[in-house]
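Right, I'll just put the structure down here and ask away after.
Chains: A, B, C and D, in written order; residue numbering restarts at 1 for each.
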Amino acid sequence: MIRAAIVGATGYTASELIEILLRHPDVTVTQVTSRQEDRPAISDVHPRLRGRLDLKLEPLDVDSVRKNADVLFSCLPHGASAEIVSTVLDGKIRAIDFSADYRLQNLATYEKWYATKHPDPNRMGKAPYGLGEFFADQIVDAEVTANPGCYPTSAILALAPLLKADLIAPDDIIIDSKSGVSGAGKKLAPAFLYNEVNENIAAYAVGEHRHTPEIAELLSTISGKSVSVIFTPHLAPMTRGILTTAYSKPTTEASAGVLLDALRDHYAGHPFVRISPDLPATKHVAHTNFCDITVRRVEDRIVVISAIDNLIKGASGAAVQNMNLMFGFPETTALI
Amino acid sequence: MIRAAIVGATGYTASELIEILLRHPDVTVTQVTSRQEDRPAISDVHPRLRGRLDLKLEPLDVDSVRKNADVLFSCLPHGASAEIVSTVLDGKIRAIDFSADYRLQNLATYEKWYATKHPDPNRMGKAPYGLGEFFADQIVDAEVTANPGCYPTSAILALAPLLKADLIAPDDIIIDSKSGVSGAGKKLAPAFLYNEVNENIAAYAVGEHRHTPEIAELLSTISGKSVSVIFTPHLAPMTRGILTTAYSKPTTEASAGVLLDALRDHYAGHPFVRISPDLPATKHVAHTNFCDITVRRVEDRIVVISAIDNLIKGASGAAVQNMNLMFGFPETTALI
Amino acid sequence: MIRAAIVGATGYTASELIEILLRHPDVTVTQVTSRQEDRPAISDVHPRLRGRLDLKLEPLDVDSVRKNADVLFSCLPHGASAEIVSTVLDGKIRAIDFSADYRLQNLATYEKWYATKHPDPNRMGKAPYGLGEFFADQIVDAEVTANPGCYPTSAILALAPLLKADLIAPDDIIIDSKSGVSGAGKKLAPAFLYNEVNENIAAYAVGEHRHTPEIAELLSTISGKSVSVIFTPHLAPMTRGILTTAYSKPTTEASAGVLLDALRDHYAGHPFVRISPDLPATKHVAHTNFCDITVRRVEDRIVVISAIDNLIKGASGAAVQNMNLMFGFPETTALI
Amino acid sequence: MIRAAIVGATGYTASELIEILLRHPDVTVTQVTSRQEDRPAISDVHPRLRGRLDLKLEPLDVDSVRKNADVLFSCLPHGASAEIVSTVLDGKIRAIDFSADYRLQNLATYEKWYATKHPDPNRMGKAPYGLGEFFADQIVDAEVTANPGCYPTSAILALAPLLKADLIAPDDIIIDSKSGVSGAGKKLAPAFLYNEVNENIAAYAVGEHRHTPEIAELLSTISGKSVSVIFTPHLAPMTRGILTTAYSKPTTEASAGVLLDALRDHYAGHPFVRISPDLPATKHVAHTNFCDITVRRVEDRIVVISAIDNLIKGASGAAVQNMNLMFGFPETTALI
């Protein structure tokens, strides 16, 4: 039985994380912390948890975390997260960081896109990118795992095997993603009010979304090629789910069947990725850790489409998958 | 051609009001004001209005309003609204107040439920309640018309004729209402975030909603009886619409057919109320000024059900209906 | 490890049931049947199940079911269900029936409200009503358990303890329920198209819903009083969830606190019912087997409000809870 | 005052059309027809119309239509529509066809994509394409106007001026569109049930949607270039609205500002197209005849984004705009 502490426990990803951990036979949640002054029980903040986890929220105390936890899940925003994680790590406790702080290898890219100094630059490039389908070997031994971004998860799972297998061109990739609103967290902004979101779809952050360099860097790392992407996120009127439609140029005459097989080959032994000739839909993966993917040839393009639940495979499910790898539990425990 | 000024023009009801007024052949919107420091064009706040009304928001200036407007629509919250309305009125300009300030006749009831001093107590009881189906005679000559609350509109239209005709008992009425979220306006509170509202239904303000005394007082005034009600509002996952299901005790053996006829008789000549044996649905009245009503006998109860669009018949449509009455235009202009 | 067969496996409740059973450590799903001619894999009908349960749908074969299953879940409609259940039962296999066929004790009531002959009248009254919070003792030994209706679950859990404790009057109860659309199953009717449901709320089957006698009979049985109810269901624009707002007359001066305690006392030891002074919301129980309940005094009424997920506590979760009781597993296995 | 007959009046586009025509000062709806045997009043089919248009649905009678109408709106599906339109036309009555039958110039393209013989091939290429922003001159005199498809409207308005002005390459265009479900009409298919659509987003008809040749042909006609497109439609969980995100290659160094000006220049004098540097959203154009467009440069691509209401600018609003042009009314009558 390992003990888990959750830092920044008042948001949606923490709520999902706790629900998964409560089903995990080998984990106990021992601490939940919040930076807010007012600290009720976690189940007052997330009424879904009533009677299931009624721990009181605490201020973060480094000694207490080290004493009471084997694994730290940090659900803090970037900047704040690496600061806390780097402070808590003591050679024994291990961490899974939901923020972007350890995802990129390149410090300059981080500081440009996130417009902040990195609080723990020495660990950048040492934390594996927490996509078990590609980096399980490194995650197993990691002190810190960088939990992937939601959009990058949907895009990388769809495109990386085809890039690696030289089936699509690395320099002409358009990624058009549609996300539910929980991706924005509990942020109190007019744009996220029900009346603004309901019956509405719109693009946002066109050409400027911070997941763009994450997608490009990871696709490059995995494929060994210099990959560039155009990435356009959209907000769809739903709570959860990301559908990514990616357009690329073929480098061969390979048919859709061959492309599907390339994906199937890559994901053999990876139970959370399901390849099918059928078109994916976010509803088919909602509340699960699955990523459904298909690929089609349309005229002179290859269209790859993937669906995930942004809160599960795009956040808290992936975090537990990483924890399972790091602590030697079966990868699917509490997730299927 | 009359000139309209809108005070508090950044909210949803103002946006709907402007769209209706833009279709009105006899009205020009000449001023839109906001208490916010930052004052862009009204069409920047409400992008729906781009190219249709690009007036710049102004701070409220009493002299300017008096000089530029024949009618003032106040979309301010209670307290603030009567303060402004009472300051602007000068014997020439006329006003329609969206707030609760002039709806109640009883000052003590107002001050108890709204927990504030009334800024213009002398005008209470002199402003007619702006439900044209009952108070058209007074509205025609009003200096200020008190635009009704959204829930009260749905409840009073459903119940008042039956109470007046002695068909239901005045002392055993339960009103269970379901509203879309636009009723809360643009209020930035966690409860109104998309993720909290979507796929959710809940009661709120049980036994404490401020529309309770409004419903009871108006039903009493119209019927000449002492009416008491239990009122429970619910938030439904939709932007607009109120469905009210009201349970009362019959005082006669009258069949559903007789009850329907009583409603039809009362609303003859009132084009915005549609009586039908079919069950109403908010979708049938969305974006219209209609109120659909039916009535059924169920065991020892009479169930009356009504549907309105809370932003139109429950707010901005009713305001234009009142303006039409006050200025001698056909009641339905710009509304059908 | 027990073996489960699911009859009528193409609907929403079967899909939810399978997802729960897949998490159950002591159950294997061995058979899924469908009356449709075209029988693909169950995961073609429910793409969520891909890679998790890919059994081929079969026609119902009594011998095969008896040989391959210890428990039969019947997700067939009323009439059809009892016909199959009564045919399959052989003294060894046990059944949980999702239909209304075994819920009522009174044959005449059944035949009046369901307008059909009962195919297995001798078993009526012998199958316990599958609400573990009241009938666990009988369920433990049952050959057939009658899985409760969704609306009745929400209403009975809210009202029965207060009736039993003589805290509310049995003859003046109004039940106003709001349900998500999955309650209608996958029925292909215009009323259930997205465009008709979205942004819409309406009452239906006013005074005529078949759950009315089920609620009244069970409340009477549990309380030992003759209980009559007015029941009005509404369709809300959401997939899952039922919120029930029940209005009743107090028989004592008991405060809300006392009423809450009466509920807490009754549900002590019943982990799926959560009593709180806070107002319930369907979102707090979505995808769970919980029922959240509160009670308030409003003027001369007692208002009890409950929330469930109609597909889980109102159907498939309750079925697994019943199975757990029948087969001696901990009541919460696979459900928390 | 002109008289309008509506053929195929039971669908969503007919309902929207009637609501617009009821606001038109110069039009009376004189006939509504349906192929269904059961013909109640149009307001029984569309309860929104109660008390506003209670005409009885009639079977189509050619003589009656000719006698009672000056303009025929055909809301029938392709194939059926041209058959009726060609039968009714007599040199006096004029028609607006909502189907695809007269949109394409090329018969072979039509017969390939629609897999049917064209019932009126001689009129193909003679009916102008009903996009007033490009073909007003021809529409003014048309006997039949081919009302555009919803996706093509959103794509052509976004791209045509840039193609015409040689600002983007004609052979590398990707169109990713997201539509509300009303685009599917009232079709009774499982895919359009609320439970399937809600909280779901998915692509469909990838590489196979019939609007693909319509977009390519019209862009080619307008620009005088051979334009090819990849078009991927998606179903979003909302009733109305289309957002189109189009990716193309620049042919010049023109900045976003220059591109915006090119769009503004083209649409000067066309009140329904609004060009802005801000990102469009379907909510800003819902229930209006507007198309909002912006354009951005992102890396080596030009991204053009447009938003329309598929039922208004994408169908019934465009039809009335066409009627206004054909009959000499101001283009915006009943539409602003």
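Note that a residue touches a chain if its C-beta (ideal position, glycine included) is under 8 Å from a C-beta of that chain, and two chains touch if they have at least 3 such contacts.
Treat the numbers as computed from the prediction; the structure is a model and nothing was measured.
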Report task. Quick one: point me to the chain whose Cα centre is farthest from that of chain C. Result -> D
Query raised in the report: Which chain pair shares more contacting C-beta pairs: A-D, or A-C?
Result: A-D
Query raised in the report: For chain A and chain B, what's the span in angstrom between their mean Cα positions?
Result: 46
Requested in this report: Using mean C-alpha positions as chain centres, tell me how far chain A is from chain D in Å, no decimals.
Outcome: 40
Query raised in the report: Taking each chain's centre as the mean of its CA atoms, how far is chain A from chain C in angstrom?
Result: 36
Report task. Among the residues of chain B, pick out those that touch two or more other chains and give their numbers. Result -> 196, 198-199, 237-239, 281, 283
Query - Touch list for chain D against partner chain A, complex - result: 174, 176, 178, 180, 196, 198-204, 206-207, 228, 230, 232, 234, 236-241, 243, 245, 247, 279-283, 286, 296-299, 301, 303, 305, 307
Requested in this report: Using the touch definition up top, name the residues of chain C that touch chain D in the complex.
Outcome: 12, 181-182, 186, 188-190, 192-199, 237-239
**Report entry** Footprint of chain B on chain D - complex, ascending
**Finding:** 22-23, 47-48, 50-52, 198-199, 271, 274, 276, 278, 281, 283-285, 287-288, 290, 292, 336
